[in-house]
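Sharing a structure with you now.
Labels run A, B, C and D following the written order; every chain starts at residue 1.
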Amino acid sequence: MFGRDALRGIIPPLATPLTPAEDVDRAGMGRLVEYVLAGGSHGVFVLGGTGEFAFLDERQRAAAIEAAVEAVNGRVPVIAGVSAVGTRQAIAHARRAQAAGADFIIATVPYFGSSALDQSWIEAHVRAIAEATGAQTMLYNVPPLLRDIEPTTIERLAALPGVVGMKDSASIIHVQDVLFRTRQTGFRVLVGMEYHVVAALLVGAHGATPSPANLIPGRYVEMYERAQASDRDGALAIQEETNRFVDVFDALPVWNAAVKTALHLMGICGPTTAAPVPKSTPDEVEQIRAHLARAGMLS
Amino acid sequence: MFGRDALRGIIPPLATPLTPAEDVDRAGMGRLVEYVLAGGSHGVFVLGGTGEFAFLDERQRAAAIEAAVEAVNGRVPVIAGVSAVGTRQAIAHARRAQAAGADFIIATVPYFGSSALDQSWIEAHVRAIAEATGAQTMLYNVPPLLRDIEPTTIERLAALPGVVGMKDSASIIHVQDVLFRTRQTGFRVLVGMEYHVVAALLVGAHGATPSPANLIPGRYVEMYERAQASDRDGALAIQEETNRFVDVFDALPVWNAAVKTALHLMGICGPTTAAPVPKSTPDEVEQIRAHLARAGMLS
Amino acid sequence: MFGRDALRGIIPPLATPLTPAEDVDRAGMGRLVEYVLAGGSHGVFVLGGTGEFAFLDERQRAAAIEAAVEAVNGRVPVIAGVSAVGTRQAIAHARRAQAAGADFIIATVPYFGSSALDQSWIEAHVRAIAEATGAQTMLYNVPPLLRDIEPTTIERLAALPGVVGMKDSASIIHVQDVLFRTRQTGFRVLVGMEYHVVAALLVGAHGATPSPANLIPGRYVEMYERAQASDRDGALAIQEETNRFVDVFDALPVWNAAVKTALHLMGICGPTTAAPVPKSTPDEVEQIRAHLARAGMLS
Amino acid sequence: MFGRDALRGIIPPLATPLTPAEDVDRAGMGRLVEYVLAGGSHGVFVLGGTGEFAFLDERQRAAAIEAAVEAVNGRVPVIAGVSAVGTRQAIAHARRAQAAGADFIIATVPYFGSSALDQSWIEAHVRAIAEATGAQTMLYNVPPLLRDIEPTTIERLAALPGVVGMKDSASIIHVQDVLFRTRQTGFRVLVGMEYHVVAALLVGAHGATPSPANLIPGRYVEMYERAQASDRDGALAIQEETNRFVDVFDALPVWNAAVKTALHLMGICGPTTAAPVPKSTPDEVEQIRAHLARAGMLS
């Protein structure tokens, strides 16, 4: 069992490999876990946005967590997404994640009805999950797709014993403000956006969960290590290079489909996404293939 | 079994009565159904936005539909919400709705990941639900909260035999364009926004699903009947009066909580909302009580 | 001099014809005025959005108003746009419009800094313009491009003697609410969006200022006359037909450039737009030419 | 005359002192310039957002630039805002700025009609200003208030000899990407948002134009110097402290009014804002007074 101090370094938000019938592909999950750990990853995060959590039903979710926990087999911490719209649903997801052996659970704000959703509502949701489960609970902030969890709300939640950290996919201003406000508490902040990992580390973030680390975990690990070693120029050089690598995926219409296509071309899992998320088109597949070939990632 | 021609008039989107433990309150649903039918409603819509569908789990949803179908007992059509983020989830919801005896199913667009959600994705989602279930399927358009279903997309979907109508909570321009594009097909359009019911009927809409019809079904029925009788001034006079009635609820922060509080004060069901949706505060309860008293709605 | 009762019917928001050097083309303005009056227009609105007001400097603005007033020569009312970011600028524009002989002035909300712009700020701006100039003043509401002027704000402003009407480019709900709130005051409401003219007239609007009336004024005049004659189906049939005509322009990236190109092809004025607004590309010109030819608008 | 290398360090975007009649207060401008230079500022920026540029007419703008140039008297570079909606207006503003002796001109994107405003339109606007005037031209990026100037657009503009730098009020991701893309060209990047100055400097920005530097220039200068001296922890400590100082202003509804009120309380200039920007309310004045007193800024 890992404690909050294990929330550091590069923790890829894993894609969820699916069979053509959209069942969880446990063997594919196993290969993906081995790939990112071979790259030096410090943990894995199953059922984040890249893991298509919102499109999966209860059974698929449980299977994905079980497969990841089994593949990791205690080598690094496993963070499991339990996001839901209703608190009752989130608690049920969380209990299944605990039963499966996840070290940490993590929840977004409710992803419906955001216009009426204020900070007290968010706070009640997270508090209820943490208290009902007793799990090591993390916040998952993804503005502006979902309502922002304001730094002062995080400050209050970080004072609860069970709320141990967060993934913050907001701006550096937000990441930095959370760090300023929680410094005394042991609260851990993983930065979500892959384009500003170094800047986040320079202002004090503890690690990162970059989605492209499904594909190039080693580059992010090296970026992290250089930043830790105070080699700012070296870290920024890798940041620039990886940003240009990521641009190609970012220009495609459906991020998750593109990541799955790349994993397929790399021999890790199939390209199936959870409907209605569309697969990459043949044109997109060729763009991705050419890009990976140029990067020397296809054998 | 009702056919698409039954999609007309005033069809309230029912609140989902809950017990303090958040289980579906079947007796409360029964009283609510009797109340809106006594007001002359032409159907009921269970598990729309007012019904808090997104906050309820599979079991709660099934119970809500069963309770509504049982209470209605074939007197008017029952539309059942089956909205989900993933297509697999929506199909499972739809099958439960069919098993419970709903006449129509209705689904929003996937309510997560909207930035990547284009029209083809929406079309595939609806088509898959309609084809997998064979149900009389309706679209549920709620922009800008969710991605707009464009009139040309609706035009294509309306050509499928199973897609019989929609609830359109968009602008009059959108409602009117759907009507222009589907006139030849028998597609039925119910307008969602309670503030422009008369205008929608004047440009050809077949009916309305106004949320405040949980509280004042008879006023909307009379508005509809006057519009049908070409009494435009009379219909607009009721529209103005009901809009002013609704303003008081609209000024409160959480619509669904306010509706539930009003139903509680009216003796129909309890005030419990599905967490994390907060209940009305004591101040809000007093505002609502005074408002209902002024309107002569408290005995 | 026309009073507020003259604010009715179809009042096209004129394009501002420019020479290749971007000076106001007075002869072109004369031809455009004759064209729209020949179509039966009940007034003209110079320096609205279609008139590129925000891109023109003080001298160009004054010249445009002078040219329109001279061409109209008292036959119908002239509404002159005086919109500015600062109140001092708007008042200066308004004084030049009065000197040029405009019957009405009209101002948007300040078009910068909208995040801090609340209703009291809008109210102070309009009140200051009306009081400083003594002109017959109109409001120009263009949400969501600019901050919405809320119906209750309009209700307060309509109580001032100098504030006589508005152009409302908001939804039917907004248009209708303004009408409900100002019915007792003689306040005049012209609807701005060309796609819902009939619906607006059916709920009580006094007229319309549709941008495509630069090109097809007669169609809008006929639509208005049928609505006035309670021929709802006839009015809606023209609405549908004109909406399909307008769709082609709406699909082009720069509305004002497309209108100017059409006017150029129709022999009314040159295609020059005010930099940095780009002219139509050669491809766009051909699309517009084909569209006008199909509509029998090219001789 | 200063060249582009002078664009570094802390360059406050000056408020524009106004008399009660809204004329430019030259003596007030003189005192403000002395105050920020006494704090160690490396330049001044007149007629940015804090300078209320959009609310001022041509004469006020020229007077503000003249007053600033005269007060600075060659000690540091003067950047003059020439933003306008139309290119013709911007060029006229730029010529007046050149005549007044400004070292650099700077322009936002056109601040009207943003929905149709694409990157080519922005590029044409800036290019036309730079070429027509021959001035050392800077870009002023203020998303999401105004349309974002994308890094690839900036990369193209930075290749023009006259385009020497920018103020970037976007995210760190954007600032960093501009730096990555223009590193070879001598293009200078000043970061606009006061909350992330240190992060921007750590990823390579050349300086900052923080609005609160009107009030606490010395704190930002010290922050800059520590970052230059590779004292990251020291710089971040000042960042945290100044962010908390700024929070109080940020919580007030009208930023510019709050800054002017503070300057008034500090004896530098009057509190008058350009209508319709409202002055601080009496309550707000007292909040600001208490805040400045706590910070030891009132004598």
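As a working rule, contacts are C-beta pairs under 8 Å (C-beta built on N, C-alpha and C of every residue); 3 or more make two chains touch, one makes a residue touch a chain.
Only a predicted model underlies this, so the values are computations on that prediction, with no experimental measurement involved.
Subunit A and subunit B carry the same sequence, and matching their CA atoms takes a turn of 180 degrees, rounded to a multiple of 5. Both copies, subunit C and subunit D, contribute mostly matching positions to the interface they share, with over half of the numbers common to the two. Subunit C and subunit D have Cα centroids separated by 35 Å. One inter-chain figure worth recording: subunit A and subunit C are separated by 50 Å, centre to centre, where each centre is the mean of the chain's CA atoms. Across the assembly, subunit A contributes no residue in contact with two or more other chains. The touching residues of subunit A, counted against subunit D in their complex, run 171-173, 176-177, 180, 193, 195-196, 198-199, 202-204, 232, 236, 239-240, 243. Residues 22, 49, 54-58, 60, 85-89, 92, 110-116, 118, 120-122, 124-125, 128, 145, 253-255, 274-278 of subunit B are the ones that touch subunit A when the two sit in their complex.
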